[in-house]
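In what comes next, chain A is part of two complexes: it sits with chain B in the first one and with chain C in the second one.
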Partner chain A sequence: MGYTLNFNLIWRNFDKLWGGLLLSLELAVISIAIGIVIGLLLAVWYVSAGRVVRTVIAGYVEFIRNVPLILLVYLVFYGLPTVIDVAYSAQTSFVATLSLYSGAYLVEVFRSGLEAVPRGQIDAGKAIGLTPWQRLLHVRLPTMLRITLPALSNTFISLFKDTSVASVISVPELTYGAQWINFNTFRIVEVYLVVTAMYLFTGYALLYALRLVERRFRVAH
Partner chain B sequence: MSTHANPALLDVSEVSKSFGSVEVLRSVSLQVTRGEVVTVIGPSGSGKTTLLRCVNFLESYDSGSIRIDGKEVGFRETGTRQRRSERDLAAMRAETGMVFQSFNLFPHLTAAGNIMLGLRKVRGKSSAEARQIAEHWLGRVGLAHKADSLPAELSGGQQQRVGIARAVAMEPKILLLDEITSALDPELVGEVLEVVRSLAEDGMTMVMVTHEMAFARDASSRIVFMADGGVSAAGPPAEILGAEIDNERLRSFLARFRASHF
Partner chain C sequence: MLGQIAYALPFLAQGFAVTLWVSLLVVALSLVAGVMMGVGLVYGPAPLRWVVRIFSDTIRGIPILVLIFFVYYGLPAVGIHLESFWAAVLALTLFKTAQVIEYLRGAVGSIPKGQSEASMAIGLTFRQRLAYVIFPQAFRRFLPPWINGVTDAVKGSALVSLLGITDLMHAINQVIGRTYEAMPLYILGAVIYFAVNYALSLASRRLERRFSFIRE
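Right, the complex of A and B next:
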């Protein structure tokens, strides 16, 4: 084998990767936060709405779930500005796309969680005189969150990895940093080994933190 | 029909209800005066639980009326049979307490937290005041030491006693008990019935659905026997559970019941 691994060029450009990782995390956190708001609002709306609203929400979810993320990213970044008169940076465009994307997945997670809240708990909330809003806030949502935590963790990790798609519109996140180093040094094996390790480590750290949260909130039955 | 001298606290009048083509309540009428303990017995599927759930409007009904302290429970008093707003329904339901067969405690709240939720959000009490009331009632049901335990850390009997405390802490005008010992292991039934007995002694008005005949005989002022969605017999325990009762259905229900329980 004539190829010798040489990481020197990677370390020399490591700021590209480190900055990229931080941006990846930032993109994930902002998009997931917006996605949670979208997901919660639509899930709550869905379970209490009539058929028209349900159909519209289900349509949004199905659309997002059946179109590859990379296509959505292209559609929003290149497609939308040609149709309507808007201007935004690649980063803003990606955050908007990933927010809509995570929102669709989270609607599903939250909706199934809300529907899994035992009927008896809702009856108990009614029986002590809680209004529908109070029942939602103090009975259904707390139980729903506990039911959905494991699924949420998986979705969050998945969304963190999905930030790599932002590289296709030149958002300088971690994968883009790797590509930049590759183009400039041709150290493709070394750079992707390092980047893989960085994704792996960060993903694992996130999972570990989320498992701690799960344990804290677990409801024994 | 209303007797002004002794108005019924709970007045169920000719209530009917169907689930699809199945008529679960057929023109049921039942009056309960303040301080009375009325036990509803009957074979499963006779409409007992549905009747109880109509009293606090967890179930709606098709015709008839249910009044608590003279106020129609689920419908506006405009004569048009219009369902009350959710806000009004919540306020009406706060006047009744309910204890469930499967306890239905809020799993994310401690024993005290379960009791405090309604006190704070519905009765508008401060956290400290609600805590004090919760501790008082937990003491009454023998669980003062479990105030900070989660439901999952409690036995079935303890959970059900918290369920009772949660209901009575709201100071309801009437307490509805829906087969509250049916999900319990036999050795835990006694501790729950003991709590109910002490509430009865305090003068709490109660309507309970139960299969505990001995308890029904000892603790109730009146027993109502339901069959096929209607009230088939009603009277004092001695009469209803006595040997001379002239009601073939009740006799065979009791005979079957005794055969399976002794």
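Right, the complex of A and C next:
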């Protein structure tokens, strides 16, 4: 023991952490936005498709969910460029990976939401003469979104935490900033205390904001 | 190319054994710690409940990678020296314990209050109530999410590669370092992780169906 906390070097390098946090949030927001598009398209396709399409979509979902994120990150960043002739930055590579990753989780969320839309609502839509497209756009999707909001918020928070894996391919997000300070100043306990507080504060602030949105759109029981 | 990979297979198998060993340790240790702390959270006095609540919310609120670095680099700084293997197991166990606490709280919370009251009425002690009334019923609610969570432990164990522990993930990266066959090896690794975790999630789904006669 006998360790004396000294936060001076952390504050002097705080720009590494602050910039890192902003980049973490940016990575999370972009990946989730793309993931939502993937999730919505595949979920809508899944519930109306035949067996072959369903098997392919389920295969994508199960594959992503059962493989460690760090391996997917390596595979896309170090593996993929050896077989296809494209060049991309670590950041682009990570966004692509986390988008595919969040897409797989969100397909599941949206699919179960679509299946939970009460049959009577769809029938009512038919009865007032809506086309299938209109039923999807004005009846099924809005109801599904309200049903899935709590699951969506939880997915958001966990994806924000998953951005820490980007540090393994040297994307300068928050965890990378922490490691940089760890290796350059050796104020180890201090930097991880500060970073823990930053992740906790941001995560719970996000959660609180999302809970407010949920309350605004809650489905009446 | 195939020859090189075949040559590396025994090495990868060793790494895979480490992955399984880490996962097993984490799952077993976190089960014990999580059930004890979960009971503390549900039945303990207020200060104990606060401590467990803060522990669980803090651990679940930070990325597992940060926790691993904190334990690995932080403990030696305060004079506690653990081998990197045990530092990794400790960090992953802390993370998993927080999950087990929540599974237990959910499972025990789903048992109607009347069960507890009835067992008090017939004069069972606290331990008897838990052992004969609450746990047997809570068990079937606890099991499916817990088994499903074992896949998180297997996936999380891939992060120990960052501490230089030669698990499957690290073994794959080392073989790639020598052979430059990145894509086939990453795909092979993905297939192995997938096989283990998919089998686990099938087992959890089957159990869930097995216990589906339970109604709220």
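In this text, the second predicted complex is superposed on the first by the 221 of 221 C-alpha atoms of A that agree within 3 Å, B and C clash if a C-alpha of one lies under 4 Å from a C-alpha of the other, contacts with A are read in each partner's own complex, and residues count from 1 in each chain.
By our rule, a residue touches a chain if its C-beta (ideal position, glycine included) is under 8 Å from a C-beta of that chain, and two chains touch if they have at least 3 such contacts.
Bear in mind the structure is a predicted one, so any value in this text is a computation, not a measurement.
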item	value
Partner chain in contact with A:I188 - chain B first, chain C second, else both or neither	second
Partner chain(s) touched by A:I70 [first = chain B, second = chain C, both, neither]	second
Chain B versus chain C as contact partner of A:V168, first or second or both or neither	second
First, second, both or neither for A:G120, with chain B first and chain C second	first
Most chain A residues touched (candidates chain B, chain C)	C
Touched partner set for A:I34, first chain B, second chain C, both or neither	neither
First (chain B), second (chain C), both or neither touched by A:R146	first
Contacts of A:Q134 with chain B and chain C, given as first, second, both or neither	first
Contacting residues of chain A [partner chain B, same complex]	118, 120-121, 123-132, 134, 138-139, 142-143, 146, 217, 219-221
Sites on chain B touched by chain A in the complex	56, 58, 86-87, 89-91, 93-98, 100, 102-108, 117-118, 121-122, 150, 152-153, 166-167, 170
Complex contacts: residues of chain A adjacent to chain C	1-3, 62-63, 65-72, 74-75, 78-80, 82-83, 161-165, 167-168, 175, 178-179, 182, 186, 188-189, 192, 195-196, 199-200, 203-204
Interface residues, chain C side, partner chain A - complex	58, 61-66, 69-70, 73-74, 77-79, 151, 154-159, 161-162, 169, 172-173, 176, 180, 182-183, 186-187, 189-190, 193-194, 197-198, 201
